[in-house]
Amino acid sequence: MTDHPRATGAKSLYVQDARTRRRNAAEKRFRAYGLTAIVIACTMLAVLVFTIVRDGSGAFRQTYLSIPVALDAQVLDPKGNRDPAEMAGVLTLSYGQVLDRALDAAVAGLDLQIEGLESGDIDGLISRDASAQLRDRVLADPDLVGQTVDVNVLANGRIDGYFKGRVTMETAARDANTSPAQLMLADELVKAGLLVTRFNAGFLTAADASDQRPEAAGVGVAILGSLYMMLVVLVLAVPIGVAASIYLEEFAPRSRWTDLIEVNIANLAAVPSIVFGILGLAVFINFAGLPASAPIVGGLVLTLMTLPTIIIATRAALKAVPPSIRDAALGVGASRMQTVFHHVLPLAAPGILTGTIIGLAQALGETAPLLLIGMVAFVREFPAAPPEGLFDPASALPVQVYNWTQRSDPAFVERASGAIIVLLIFLLCMNLLAIFLRRKFERRW
Amino acid sequence: REQVQVAGSSTVLPYSTIVAELFGENTDFGTPVIESGGSSTGLRRFCEGVGENTIDIANSSRQIRDSEVEECAANGVTDIMEVRIGYDGIVFASAQSGASFAFTPADWFNALSAKVVRDGAIVDNTAASWAEVNPELADQEILAFVPGTRHGTREVFDEKVIAQGCEDSGALEVFTAELGEEEAEAACMTLRTDGRSVDIDGDYTETLARIGSSPNGIGVFGLSFYENNMDTLQVATMSGVTPSTETIASGEYPVSRPLFIYVKKAHIGVIPGVKEFAEFFVSDAIAGPDGPLAAYGLVSDPELASVQQAVADETTMQ
Amino acid sequence: MYDTIRSESAVSQQDIKISARDVQVFYGEKQAIKDLNVEILDKTVTAFIGPSGCGKSTFLRCINRMNDTIDSARIAGRITIDGEDIYDRRIDPVQLRAKVGMVFQKPNPFPKSIYDNVAYGPRIHGLARGKAELDEIVERSLRGAALWNEVKDRLSEPGTGLSGGQQQRLCIARAVATSPEVLLMDEPCSALDPIATSQVEELIEQLRTQFSVVIVTHSMQQAARVSQKTAFFHLGNLVEYGDTDDIFTKPRDSRTEAYISGRIG
Amino acid sequence: MYDTIRSESAVSQQDIKISARDVQVFYGEKQAIKDLNVEILDKTVTAFIGPSGCGKSTFLRCINRMNDTIDSARIAGRITIDGEDIYDRRIDPVQLRAKVGMVFQKPNPFPKSIYDNVAYGPRIHGLARGKAELDEIVERSLRGAALWNEVKDRLSEPGTGLSGGQQQRLCIARAVATSPEVLLMDEPCSALDPIATSQVEELIEQLRTQFSVVIVTHSMQQAARVSQKTAFFHLGNLVEYGDTDDIFTKPRDSRTEAYISGRIG
Amino acid sequence: MPMSWALLAAILLAVAGFLLGRSRAHATAAQDVRTLHSRPAYHGMNAALAVMLPALVVLILASGLRMSGVIPVASGPVAGLLALAAAVAGLGWAVTRAGRGFRARNSVERMVLGLMIFCSMIAIATTIGIVLSLIFETISFFRQYSLADFFFSTVWSPRFEGNSRLGMLPLLWGTLYISFIALLVAVPIGLLAAIYLSEYASPRLRSIAKPAVEVLAGIPTIVYGLFALVTVGPMLRDWIAQPLGLGNSGSSVMTAGLVMGIMLIPFVSSLSDDIINAVPQSLRDGALGLGSTPSETVRSVVLPAALPGIVGAILLAASRAIGETMIVVLGAGAAATISANPFEAMTTITVKIVSQLTGDNDFSSPETLVAFALGLTLFVITLGLNVIALIIVRKYREQYE
């Protein structure tokens, strides 16, 4: 033993020898790499979130127009008997005319001088959605006909864009859908207090709207659809995934058969999500006869898609639990099932929760599989409360994002980013519990 | 089921949604559910059979093919109503900041075809700027964003612009002489792959974004898309004609295609609102020249009246 | 005391608690136990001695089928407890392990509170009718393992935060709490000071009145103090098995003698 | 032999290897070591004895700053090695630990091959110039730890597949392979049979000619056999420290006496 | 809905079964519960499961048959009654057996194990489902298109007029290339981040940074795609590709790979972090005690110990990379080319599956059906890769376990 070379050449510990210096430098570098990696990841996150918020915060504010409207009985109730059934025969187009007239009157009352202002410009201030709103209001209360009521309706998307900086005088000059005169009029109306920009609750509660009404589009149906799907995924994917992992990791004999299942699951993770859509269409809609566009089918497809992620994460976490803990429990006469549920599972919980977080994040943001089962759709009607609502047509948040990014009106860019913000908040809410639980379960041994 | 279910082409989608929205507002029927996913998916789902869990109407940016009709029939979908809802104009547009263009189909052929004819000989296309193709065009780098091969628009682009240009420029003759008839057609329509012609598999918003990051690019758009983005795009004329709903309806502007919806007759009377929706779709108030669809950029069908009649009569395809 | 034992050594069949016939254990290719035959008596303390790596732990783990958890381990032969073949298909290893408790060589407390560590066994076996009874079991077990005084104020702290010797005693308390019929202890006093050791030995002595105890130890003194029977292992063989004082005073095998006198290891 | 030691006990200042002044250690709220003062000599074996849970391991871990890895541990006071304060900001714990090796109470072999376990230290410290030299270090260390014969044919098998005592010796070999100046051994022989124990003790005796060795043990005999100095801990206090035979023959403190005679634990 | 009523009734029966089973067990045990084989709660659970399982099986079978039209919709009440009958039978069986000799725990555990096996069979069923839903269309694709051309041709150019060339090699190349670059970004960053989080970071930083990084996995891929298209693509083109003369394409393999790599970071970092965290502290202590620096400890002891889990995380990331569409469409373009130049536009199998499937082509033409063939081929290829990965991991692990 006596002739062992000395580990440290230097006598004093205060002085680092060359090798230690080198190793410490390597250590510092390694640490720096690690920190850099986190900084990179966080910076990217910051950049992405910043762009999303920058582009999307506008969706939460909206310009509204409030004017008194004379509800002309001649137009709205030609027969004059205030019978809602007959009044339903009056189309929104007529209500549009009523609104146009009211706005014309309001503008005329202001006595403005704007060069090049045409009557079409004035009417163009009102959203196309306004007439439907007014019609609904009148049909609900036919006695309003003949009166003059104050209405508060959405302003057209371009006007809204003007107050959000998306539309300028310069672009308006080139744009056939608006004109500088119209924008000047809008400025005047703001001064007169008829146009106001305020918080847009409708974005969160309203359904999708067509291309012509970006200002009216909201994520209400999409939120419900996503919520329903995530319920299905949560209820199915997590228990099934954890149960399957436990079986494979703790109970299954090591054999070709379990190898097969293992490879199989790893392979399922690599299946493009749209293929799960093909599967969903074939199995759940065509074979099992479930309705298309329904959250139940979406949830089932996403469950199948998320399962591999959860299983792989859970198995890795189970594998990481030291065998001595299993021995200890078995040694006092616990069954394997008890060992797993009392000791191994709690210790593997952080990993399981991480897998769940990542799996759900993926499921929440996925569009492609929904494409084939009819959920990438324009849905205006709200699904009912579960469980029946699971079978009603619904949209989903990523679908709304996907659809809106394809719309031609630039106003939808803002909506899409707004929907992404909602989606991220949704995701955070969903993960919060998991993150909290994970911190609770985390321990070293 | 309380709503009509529609699926198919993303080109028809915006029109369908506009109609569906109005239909829902103005009738007692539910607002139809309109799925996107392409004409192919739409027709596939349409042809899957008859029943509650199949769709009622397919949107298509092209006519249904015979093979598809056969497949439909094989699955029991025999009575199909074909409804032409109007025309979609296809325009060429570039960034507002750049030069403006007046194209002919031949320009496009000479700029984008893989092989061109120079001095009577077939050579690889090396043109780098539009001015090289046609001295009258601006000296701007050639960079075209054309629809990918999955888009129906590409078919129209190939036929009405590139093939037309091939013929107009006289290249077709040379190709036919050198390669034979069939090969010549293929040669006409093979685009260069050196990055000057970029296939866009996404949608028009992607094309727009690409023009945003490459301001030299010229993109292919639908008329309605352009009309909604006039502030950032300028449109090029084709053979001297500026695209608009009027010039397309009159046939002056050459590049356009019809859009269809296919209605499953077996669902009429079973699913509430199917026929009503189809009728509503092609009614004058909606699809007419002054209707909201035209306002959005759909070229109204000059023969709308006969279409309306066919829908009312539930006339099916033969 | 040794007199009684000696009379017991002429045992009738029913006094045999555990009997092993031709047991062989392999880890993969490596044979860890070769043709082992032994009969362990009820209400007796049996000591396993032998140099490190000779297969003591391996055999101990065979007795309550803990070797099932090692993938590479393979067992041949027949081990019976109370006449029942424990490797029989009808045997439920869980029930077996509840009956045959074990203290492992390396202390392995659960990453739970000290209380929960001890209460775990009684809980799953339903040994206590209420909280009070459970408390009592926990206290009794911890007292038996000579740990109560040190931890009585910190029962809710994690068992992994104890010192090495404390962990070892915790594991003893945990095993005792389920009141098994056979208790296998793999070097239970290796990290204990003499006093704690003697307390644990007292516990073993107590347990013996009812149960069968098998203890692995490297201390000849301890073996001599606590056990009535001793088995000497060497390189996977059970070299000699007999009454403890016979083994220590007049070993039959030369290897036993060499080991006891400190010449081979 | 004891004669030399006794003469060494009148040490001059420079012979002091480690000195601790007013060391206090807390785990969270709990104080594990109270006001400890001790001077550990170079080229000497110092034994720490005391009942389980009295703070021996805790103090040992202070000497090479392994307590840094326990979040809840907090240390006050001053420990110097060769006159240098090891909790000084300039001290690099890595270099410190290379100089002050440690064998832990619970054997913790790496999940690597036996060879790699032993070669790990020499590799990171660059102690071997080539494969041959490394082989030689590994063999020498394993021989020193009395494990070579048992494992020489299975060097490439995982260290975790060894028996408890073998793992313990593997950890000793691993620590010795880096040739530290101070070797801290926390109950290195707890799982070893007498022969292996005496071989390890021989190793310690050898190491002492060059290095300072601190050993925690529960065996008074072992302490008496291998150490020249003994420190007796009790409930977090260093009760008595002095020449080993003084402690064992004429303890000054009543608690020491009680412990040695086996009355308190 | 009579079936949901039946379900509700079954749940109530299960609760009743639990209570009954338990009290019966208590009763037979008289004073000493120890005389029972299993704890009374297990007798209860056994009864509950014995009620629920048959009822559920009947209900699921019935609703499956009803949905697919084998039995009439009106058969709901019959099915409900059947389910209830099954539940009652289960209850009777379980309650009569509850008592001293009955091995209720084993029975419960057998049922739970059965459920677990059933759950893991879902993976197999999914695979079979996928293969079945792809195979018929794939066959009809190969009826119309030559097998050899599909597998070995290097030209991908679908056309509306027919005469398409549908060679998958360029797509396969693009898939592998882009995934490779993505992993090149994600694996080092993710692993280093995981190591930093679990070994160095303060608990505070960790508790913030880890969930934050996980958000990266939740951002819809379209955001990444647009980020690639609008920011990263032009940046790479203007600052790297053009100055180096590597082309001037706004979309490139590099763009898509980089951006996708960012998306994949949390897959590697979060899962690995959990696994690394689960490595016992005593191993770290062992290495640190020998004088190794924390980074040496991590590299030579902790990582090898955590390896199986980390490999799982990386495979998951790789899988995600292969399956991604939006980022590739917007970042790498739609051009199917084979080239080694990372600054050139390429595309992947997945992208083409989506685009051909959701395009405007004739749905029974090879141009559309090729999507199914591509899907199946990709399935087989990844299967092969996974088998190889498994074998490699096994080899490596054998050394240590």
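Every chain is named by a letter (A, B, C, D and E) in the order it is written, and numbering of its residues begins at 1.
Methods note: a contact is a pair of C-beta atoms (placed from the backbone, for glycine too) under 8 Å apart; a residue touches a chain by one contact, two chains touch by 3 or more.
Computed from a predicted model, the values in this text were never measured in an experiment.
Chains touching both chain A and chain E: B, C, D.
The chains in contact with chain C and with chain E alike are A, D.
Highest C-beta contact pair count among chain pairs: A-E. Distances from each chain's CA mean to the overall CA mean are smallest for chain E.
Chain D has its Cα centroid 29 Å from the Cα centroid of chain C.
Per-chain CA centroids place chain A at a distance of 30 Å from chain B. If each chain is reduced to the centroid of its CA atoms, chain D and chain E end up 49 Å from each other. Taking each chain's centre as the mean of its C-alpha atoms, chain B lies 83 Å from chain D.
Residue positions of chain A touching 2 or more other chains, listed in rising order: 7, 23-24, 27, 289-290, 335-336, 347, 371-372, 405, 445. In chain B, the residues that reach two or more other chains under the touch definition are 37, 41. Multi-chain contact residues of chain C (touching two or more other chains): 71, 94-95, 106, 124-125. Applying the touch criterion to all chain pairs gives A-B, A-C, A-D, A-E, B-E, C-D, C-E, D-E. By the touch rule above, chain D contacts chain C in their complex via residues 27, 30, 49-53, 57-58, 72, 105-107, 146, 150, 154, 161-166, 168-169, 186-187, 190-199, 218, 220, 259, 262-265.
Of all residues in chain C, only 71, 92, 94-95, 124-127, 129 touch chain E in the complex they form.
Only residues 1-3, 5, 7, 10, 13-14, 16-18, 20-22, 24-26, 28, 30-31, 33-37, 41, 45, 48, 52-53, 55, 96, 203-205, 222, 224-225, 227-232, 285, 292, 295-296 of chain B touch chain A when the two sit together in their complex.
Chain C makes touch with chain A in their complex at residues 64, 66, 69, 71, 94-95, 97-99, 101-104, 106, 108-111, 120-121, 124-125, 160, 171, 174-175, 177-178, 180. Looking at the complex, you find that chain E touches chain D at residues 280-293, 296, 300-301, 304-305, 399-401.
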